[in-house]
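Shared between the two complexes below is chain A, which pairs with chain B and chain C, respectively.
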Partner chain A sequence: MRNSRTLLYILILAVLFTLPFYTGVYLLNVMDIILIYMALALSWDMLLRSGQISFGMAGLFGVGGYAAVLLHLNAGLNPLVSIVLGSLIAGALAWLIGVAVLQLRGMYFAIVTLALAEIFRVIVRNLPDLTGGPEGTVLPSAIFSGNSTKTYWLTLSVAVVSIIASEIFRRTRIHFALTSIRNDEIVAKSSGIDVFKYLVFIFMVTSAIQGLTGGAYAHIYGFVSPEGSFSVDFTLLPIAMALLGGMHSTWGPVVGAVLLGVVSEFLKLQIPYGHLLVYGLIIVITILFFPQGIVGTLGQRFRKYGSR
Partner chain B sequence: MSLVSKLKQRNYQIAVIIAVLAVILAFWKPHVLVEGLQRACLYAVIALPMALILGIVGIINLAHGEYMMLGGYFAYCLNVYVGMDPLVAIVPALIAFFLIGMASYRAIIKYVLGAPELNQLLLTFGLAMVLEQMANLIWTSRPIKLPLKYVSASATIGSFTFGTYEFIYVGAAMIVLVGLQLFLKRTSMGQAALAVGQNPRGAKLVGIHVDRTYLLIFSLSIALVGAFGAIFMTRHSIFPLVGAPFTMKSFCLIAMAGIGNLMGVLWCSLILGLAENFVLSFRGYAGWADILFFALIVGVIIVRSRQRQVK
Partner chain C sequence: MAVLKTENIVRHFGGLAALNRVSVEFRENEILGIIGPNGAGKTTFINVIAGIYLPTEGKIFFEGQDISALPAHQRCRMGIGRTFQLVRPLPGLSLVENVMVGSLFGKGLGQREARKKAEEWCEFLALSDCNRDITRMTALEVKKMEIAHALATQPKLLFLDEVMAGLNGDETMEMIDLVRKIHRRGITIGIVEHVMRVIRELTDRCVVLDWGEVIAEGPYEMVSSDPKVVTAYLGEEA
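Right, the complex of A and B next:
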């Protein structure tokens, strides 16, 4: 059982890795978007497992993007190195914010993260010498000079990194710590779990993933701007994906990202100005009717039939 | 009660701080004082209904600013198609948004009252996105402003000129605050609502219809904020995203004041309004005024958590 499952993963990875050799550029571009949002959805879900909800993905995504682009332009670093450094900067920033804000939880944390994108946007706009101000900064050329195969491999590795991180967090002691914090913080504390430390740590890791994604995205499209990099899309879509797929699991956000990523390509053509409406509706409907999401609901079904 | 123990109460503390700041400002930068007061009342009038929902229904409504945005568009449509002045449109807006609030409560909010806080937050966030994008689809993201003559009224004292129309915010804030206080303290319905806010189960035991109270409070708050949208749109241009910052600032004020403290919301909005206008008055730094509320909320959270740890 275990071996066959490992074999399956390797097979899927091999198929995904060799995808560029037998598909066109358009499909690769769609895959780029899906994989970027998949990483964001996973990082959001990883924090959610501790019972904390973040609306700040767009903020840290934009910080990672700006850091990567500015490091590449001003310090002349290799784009890949600058993406990794950008993710570390986003993580460090999240550590500072987390230490200040994670003392209080629930809605206080949620609202503060909701403000993050707005705050970073204002800061970026008001430092025109460094960031290019309201117009943003354009790179002389995109990463790998726009080669879609290499770009695809970059986004694939970002997504794989976040899947691996998510699985590590599900299979080690951290998983039990976070789950017990979510269920009952006082019990968790009395079992000897340092709640604050774990929360800051997980917030830092998820933010670093968001920064990594932001850096990759900024380098692929070759520009950063206050409106584009901190756009509400990067908060709304991942939440809709993770919710539709199913919270508190690795495969839920993955399934949700693939489903909604394909749907969004279709929607953008049908209703170009209001396609975000559908994501809002998906969030509302999922919360009201099946908060477990697709993977959770199907999993329950299977377990029911299995026990019969 | 001695003066010292009075000072220990939050509202008095804040009032004293504001009084000192106001006296300094009045001599140094009078326009900061006047415009700060107007801006503060703008914040207060939006935050008060949100505080009411949070205090009694116990739901943090992240779609709060979006209802105000819809109220603005409502007044705009009445003006374009019927020729009604936005200030007259307050009355139909009150009725329409009471009904919209009822519909939202019945169709959506009711089902997450007992759900975990996470689900409530996500649901109202999704609702905010739906309303925003709906407005985007119907009216596009182009800012809309009506050409109204009376909004540019001004008065001059000595060499100091200031807009007088914006004092309508001060009036609105006073009406909403005094009205809500009277409603909550003097009427039996309001007292029932306070009881439900304190202890829903106990309220149910003594025969209060909890669900109907929630419905009333939610719809009333939406009606207030929707009707204020009509006032808001006379002075400011409206676009689908106009409400979102107000949701966050309102929450910041409520968190500063403490949940259930309506008077406190007014004092805290005075601090925020004066501080923002103070920053705005420095040329070249005006852009930073938008993040002051964030600094305030982080500061409040840190102070609060220290206090909690000491206890």
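Right, the complex of A and C next:
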């Protein structure tokens, strides 16, 4: 059972890795977007497992993007190194913010994170010497000179890193800590769990993933701008994906990202700019009729029939 | 020797003194009853000792060390365990996983040992089928699970907050036996209970709280005939 599952994962990974050898550039570009959003959806879900809702993905996504681009341009670092450093900077920033605001819970914390993207956007816009101000900064060349195969491997790596992080969170003691904290903080404390430390830690890790994603995105498209890099899309679409796929799991956000990614690509061709409407509809239907999402609902069915 | 000692604990909620200069000693390996009418401050007292609330004034010593300012999770790791008056199981985790949370974090074990320890505690409390979903458990079983969860943190001092509430006669008898069994393991127990038969059978000593103050202290027979205690429970004669 365990071996066959490992084999399946290796097979899927092999297919995904070799994808560029038998598909065209268009599909790879679509995959880039799906994988980027997948990583963001996973990072959102990972924090949600502690009961905290973040609306700040776009903020740390943008910080990672700007940091990666500026480190590459000004310090002459290799783009890949600058992406990793951008991720670490987003993580470090989240640690500082977390220590300050993670006494807040629920809606209060969510509102603070919502403000983050806006605050970063304003800061970036008003530092023209460093960031290029309202116009943003354009890189002389996109990463790998725009080679779509290598670009795809980069986004695939980002998604795989997020999936591995998410699985580590699901399988180690972190899972028990987060589940306890989500359900009942008083029980968690009384069981010896340092609630604050865990919340800061997970906020830092998920923010680092968002920074990593932002760095990759910025280098792939070769520019950063206040409006583009901190776009509310990077907050709302991942949330929609995680909700549709199913919360509190690794495969929920993955499935949600693939489905909504493909659907939105299709809709963009059919009804330009109308796709967001359909998106909203999907979210409303999900929350009303199967709040556990696709993976959650199917999993429950499966268990029910399995136990009969 | 005292395992835990509180000195003049005061805890205010706004203008209300939920605890007022409470000094109590928990002696090594005794079962101490904490009784009193509803709203007397019994659960608040446990919460202050466990670190859920910090005392407004006063000090708490655990094995001679001042723990008054320590956060709850550290007090748990030092050896203060507790159950909750209203049971608080963790949905999404199975029976044994609920118990595991205690051994993982309270004792700092790795996952494999923590599971083994949790299974041992389940067995100790006669909880069968420990991988099952917690939604399919009786009231008694949920209470036992909470006790197992607390025991898995390996406490030296264990607070049982109304563990008999809602149990029928047979179940209460079983629970009394279990408390004795836990006590025989060398664990000091503080027990809050409204069922006086339980207090009479189990405790070496009782502390009676009323309006946040200690109004009597001593063996059950002594405090139960204390006029102040009778008045607190039944009110004054008109």
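Operating definition for what follows: the second predicted complex is superposed on the first by the 307 of 308 C-alpha atoms of A that agree within 3 Å, B and C clash if a C-alpha of one lies under 4 Å from a C-alpha of the other, contacts with A are read in each partner's own complex, and residues count from 1 in each chain.
We adopt the following convention: a residue touches a chain if its C-beta (ideal position, glycine included) is under 8 Å from a C-beta of that chain, and two chains touch if they have at least 3 such contacts.
For clarity, every value in this text was computed on a predicted model and none was experimentally measured.
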Chain B and chain C placed together on chain A: clash or fit? fit
Is A:Phe169 touching the first partner chain B, the second partner chain C, both, or neither of them?
-> neither
Ask   = A:Phe55 contacts which: chain B (first), chain C (second), both, neither?
value = first
Practice task
Return first, second, both or neither, reflecting whether A:Gly280 touches chain B, chain C, both chains, or no partner chain.
Solution key: first
Exercise. Thinking of the overlay built on chain A, is A:Val122 touched by chain B (first), by chain C (second), by both, or by neither?
Worked result: first
After lining up the shared chain so the two structures overlap, which partner does A:Asp184 touch, if you call chain B first and chain C second: first, second, both or neither? second
In the superposed arrangement, does A:Ala110 touch chain B (first), chain C (second), both or neither?
first
Of the two partners chain B and chain C, more of chain A gets touched by chain B
Smallest inter-chain Cα gap (chain B/chain C, superposed on A) in whole Å equals 7
In the complex, chain C touches chain A at residues 50-52, 71-73, 76-77, 81-82, 84, 88, 90-93, 97, 100-102, 104-108, 110-111, 114, 149-150, 153
The chain A residues in contact with chain C across the complex are 172-173, 176-177, 179-180, 183-184, 186-195, 248
Within the complex, chain B is touched by chain A residues 48, 51, 53, 55, 100-101, 103-104, 106-108, 110-112, 114-115, 118-119, 122-123, 125-126, 232, 236, 239-240, 243, 271, 273-274, 276-277, 279-284, 287-288, 291
Counting only contacts in the complex, chain B reaches chain A at residues 60, 62, 108, 111-112, 115, 117-119, 121-123, 125-130, 132-134, 136-137, 140-141, 245, 248, 251-252, 255, 287-288, 290-291, 293-294, 297-298, 301-302, 304-305
